[in-house]
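Report on the structure given below.
Chain lettering (A, B, C and D) follows the sequence in which the chains are written, and residue indices restart at 1 in each chain.
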Amino acid sequence: MIFLKNDYSLGAHPKILEALTETNMVLADGYGVDQFCDAAANRIRELIECPSAYVQFLTAGTQTNMTALSAFLRPHHSVIAPSTGHICVHETGAIEATGHKVNHVPTTDGKLRPEDIETVIREHEDEHFVKPAIIYISNSTETGLVYKKAELTALKKTCEKHNLLMYIDGARLAMAMTAEGSDITYADLPKVSDAFYIGGTKCGAMFGEALVIVNERLQEDIRWLVKQRGGMLAKGRLLGVQFDALLKDDLYLKLGAHANHMAKKLADGIIAKGYEFAVPPATNMIFPLFPKALVEKLKEAVMFERWSFSTKTHDSIRLVTSWGTTQEEVDAFLKLLP
Amino acid sequence: MIFLKNDYSLGAHPKILEALTETNMVLADGYGVDQFCDAAANRIRELIECPSAYVQFLTAGTQTNMTALSAFLRPHHSVIAPSTGHICVHETGAIEATGHKVNHVPTTDGKLRPEDIETVIREHEDEHFVKPAIIYISNSTETGLVYKKAELTALKKTCEKHNLLMYIDGARLAMAMTAEGSDITYADLPKVSDAFYIGGTKCGAMFGEALVIVNERLQEDIRWLVKQRGGMLAKGRLLGVQFDALLKDDLYLKLGAHANHMAKKLADGIIAKGYEFAVPPATNMIFPLFPKALVEKLKEAVMFERWSFSTKTHDSIRLVTSWGTTQEEVDAFLKLLP
Amino acid sequence: MIFLKNDYSLGAHPKILEALTETNMVLADGYGVDQFCDAAANRIRELIECPSAYVQFLTAGTQTNMTALSAFLRPHHSVIAPSTGHICVHETGAIEATGHKVNHVPTTDGKLRPEDIETVIREHEDEHFVKPAIIYISNSTETGLVYKKAELTALKKTCEKHNLLMYIDGARLAMAMTAEGSDITYADLPKVSDAFYIGGTKCGAMFGEALVIVNERLQEDIRWLVKQRGGMLAKGRLLGVQFDALLKDDLYLKLGAHANHMAKKLADGIIAKGYEFAVPPATNMIFPLFPKALVEKLKEAVMFERWSFSTKTHDSIRLVTSWGTTQEEVDAFLKLLP
Amino acid sequence: MIFLKNDYSLGAHPKILEALTETNMVLADGYGVDQFCDAAANRIRELIECPSAYVQFLTAGTQTNMTALSAFLRPHHSVIAPSTGHICVHETGAIEATGHKVNHVPTTDGKLRPEDIETVIREHEDEHFVKPAIIYISNSTETGLVYKKAELTALKKTCEKHNLLMYIDGARLAMAMTAEGSDITYADLPKVSDAFYIGGTKCGAMFGEALVIVNERLQEDIRWLVKQRGGMLAKGRLLGVQFDALLKDDLYLKLGAHANHMAKKLADGIIAKGYEFAVPPATNMIFPLFPKALVEKLKEAVMFERWSFSTKTHDSIRLVTSWGTTQEEVDAFLKLLP
């Protein structure tokens, strides 16, 4: 089987595993208060050029989103998110389980825009409505697209206008930062958000995400909230070790670039054979439209997921590449297309 | 520094790391639906001789407790726990954060007894009170003690009498099962509980706990609840790989026995020098009482935690050994005692 | 000022006030366990011809919705509701505050239809999504429309097909049951729902709603859940007294019919003057479309709310009549229209 | 039957009912934004001499406590309360249902003291524990006792020292303020608390409590939080009308004094017959200790509740008087005592 189903089907990138092995018998204190977490947090603060940022390592994406958002909000506050956002569809209502409504905003392509925010604000007039307090976007998006720096800046401005916070889910930040035409850098992130996370799980780590809280008002007592939501690892060191290795020598960006590169080759091959896409290919997740019969045939040799953009004659599928995807896999897939 | 502060100061036991390394580049599906988790779950079902048990791997103890307990309860249900229980003191109100009261029961030594349950039941008469629905105990306890099989059976009977469920936190189950005089086996666990967890983090794994749900009524939709509480790892395989290795060839019990053995040596040495204990030493956590001045001196060379059993002249401290504690460390510590 | 803003601008219907006055100095036990609540609950069970129904009186609509829905659901369960539903927009996220997502379904007119349910079910495949478990509709709807018996039966069938519960918010049930062409009776309600409430606040009571739980599985421990959500009145008798008086001699239906009748006169007058409606007038809430300048002028003499159906040239407003609206008020309003 | 079971067994004091009747057909806007609520809130601000206080009317005590406390706290915050406190025992875990732990403090008599707070603070060291953020006390207490002004001031000082808020449950504030030897006035309340409520339900109103938020930081968005917790009455006017009448011409204090006076007579009669009390009689709830056989006999003629202070030979019972208790009832009870 050719595996193009997701970007978390292997263990860790060898350098991560190596770092875990090398440090395995070093004694370290528990719960993320250790030399490895300190080093990794410092590295992040340097990369993003924001010495006052608070860095908290967590083990998974849903956990990070629910812990962060619920830490930042009062009970009547809601989160504005594009309706395709991970928190809207694929987190089993984790945000609502902490008591907060998510205002789903329909979008054309999975990207939130300032006018979407304005619409939600207009509809929430008084105390009979929830009070939108933060926006949630993913970069890259669940549709594989990337926000340009100007787009992020415009969103942040709209947030400031309405006294909203801005949160970026960076599960695939490595891919967003290395996509063709992408113009955001590490140092831009604190300027366009109040908090964001650098995704490890889908970008080469064994597991783990680095939540970065830029807004100092939101940093208070974060360790209490992480512990309460079950996100504090006794061997917190594991996260420090991984992120230190992942961010050293731009490994993170190299792995993102590799995933994007493999997806580009896949997309080019698909285009060359005359197929179209539900969403323009941009990062490591692409959404070709294939005739239904072909999709059935592909299922015999390829692991992938169907997506919801299907038409009468065509089904859309999601193909995902990762740091571990090889040229051979790409070629083998393309050979299957008539 | 001699490290006797906790049992999670190293990485993983070498065999666990080896298993993770060997399987690193094997493709596996996400979220715990993979060959490794299947194998590990089967191994657990065989060990406990309970083919209908549901096994769910999670990443950490607080996460496991809060996910399991909140999955099992309706909103007005409470949890009965000894007031020294982990959920009562060291989980930042994680259970309450899911909406449930914990009925703290004072005990003499950290062990819950049938009469404690009876007292709580008597005090909760009608709809103005929460409705106790489950008991929580840890084995071994936070005070380092072990429940004998007869004690667990008596608790289970009391639970059945009052229509209560019974849950065992097995963060240190390896130590409980291998303590001197302990008579519980894997196969006893399903008989004395509705659910329990086999702790990995403190017993040799890199991280992870295996929640075992014996009561079939409680198994429904567990994956939804795990996902919602942020406990589902994209690379769920990591947990399967670890538990499969940990439970193979009784490694788990061997590691627990080693920790207990090292603690026994420590305790014997302390007794030999004429000191007493706040709680009789039984597993890998022991609580000697030392003159306050000695405690101050020990702090210069040893990492440990103070405990709350102090008297006017003596402070109690907690010394913890692990699968990685060496004879050298034990000797070095004993040498410090006058 | 002519008051057409809502149906809760007066105190209680004189007969309700009279009943409260007459019983004022009668001793009664607390928390709804009293002779008056018993009598009112029995009266309800007789009217709906359902002796096994459980009746619980509460003080307000949002309280009733959040208490009932959260009592019926497990944490990962969601509620399907039309996006205009009261719980979607006007309850400040009360359902989400109890931990449950509400699946907002866009509709053309505020009424949920079987195909809407099918769509939601199709989109919620596995444990990464919330699990829809109940549907919420209001009768009459927030758009002033009424579900016919056949429509309710079709919804119930769809619910049964997908193992969903069905809940009816009857804040304006009196108006729904007495609208022109409406064919539902008290006795139909248990057949088309698992639970519903008979709204008092907007139908002549001083305050209060009667939650009726038809499905016996959902009745367990309801008093615990009501107490926990803050909905148990020490002087629960107040609710029993009111509902007994309200449901005696069909007062409830007479008051609903009066409100509808007054709205009909308003609507007829508006139509006679050549105006159109955003939604066809059906009960006591009607939504005429007036030129924007006229709306501005009306504001000087009439209290009403703007509604969200506005067009470029016309604004829609909501006019609401109640048991207390008089012919004089209707005439006075119509006189204002050119 | 002689009714001494509680202080909410009648409807409303006649003056309250009269005010509701007089205003019944006056039009008023919804949700507590009306002329009657304004007047009542102003009257409260004048009585307590605190023009910046925010007044929010709610319908019941548990609702008020859970709404206020959850509005004031972040998720990891806990409430310190004496273990006899209403929120600890008689609210079905309502506070925990909003996600917050309550730290139960054992006391000798139901009154919290500065040293109790110090103990809790000492035991909550770091992020593994909840963070105590507010203290909850009732005045008068659930044991019928009263805090003197100096005691309240000492508690407030201790709170300030530890950055804790202070909240007073005034379900029976009328009795606390008029007890023999009591020295607190309306104007003292804002000085010794961040928020408190003036209880109506047990002090002559038909229903309702007036939450007074003194601390301006805690006032933000309170209407959102009240609405979300189900506590906003469509006919909010009902609460304004009642509190305006209740607080006019010191009616509130007169009713509290009457209840105390009747209890005093009861207590004097009981003492005269040679019985003792579990707690010294102070307000309208008294706790005599009677031989078990006598308690059984009393049950035939009197409605009361048993209390938990029983000894081997004696049972304690709770006798409660109210604004409506008569001299005849007192005499009739005393006649029953041998």
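Brief remarks follow.
Throughout what follows, a residue touches a chain if its C-beta (ideal position, glycine included) is under 8 Å from a C-beta of that chain, and two chains touch if they have at least 3 such contacts.
Predicted model only: the values in this text are computed from it and were never measured.
Across the two candidate interfaces, C-D and B-C, the one carrying more C-beta contacts is C-D.
Of all chains, the one whose CA centroid is most distant from that of subunit B is C. Measuring from the averaged C-alpha position of subunit C to that of subunit D gives a distance of 33 Å. Taking each chain's centre as the mean of its C-alpha atoms, subunit B lies 42 Å from subunit D. The centroid of the Cα atoms in subunit B and the matching centroid in subunit C are 50 Å apart. Among the residues of subunit A, those in touch with two or more other chains are 75-76, 91-93, 97-99, 127-128, 130, 224, 227-228, 232. In terms of inter-chain touching, the protein chains here all touch one another pairwise. Subunit A meets subunit B in the complex at residues 1, 3, 5-6, 8-12, 14, 17, 20-21, 23-30, 59-64, 66-67, 91-94, 97, 201-202, 206-207, 224, 227-235, 237-238, 303, 324.
Against subunit B, the residues of subunit C that register as touching in their complex are 31, 70-71, 74-76, 98-99, 127-128, 130-131, 221, 223-228, 232. Every residue of subunit C that touches subunit A in the complex is listed here, in rising order: 75-76, 78, 89-93, 96-102, 104, 123, 127-130, 308.
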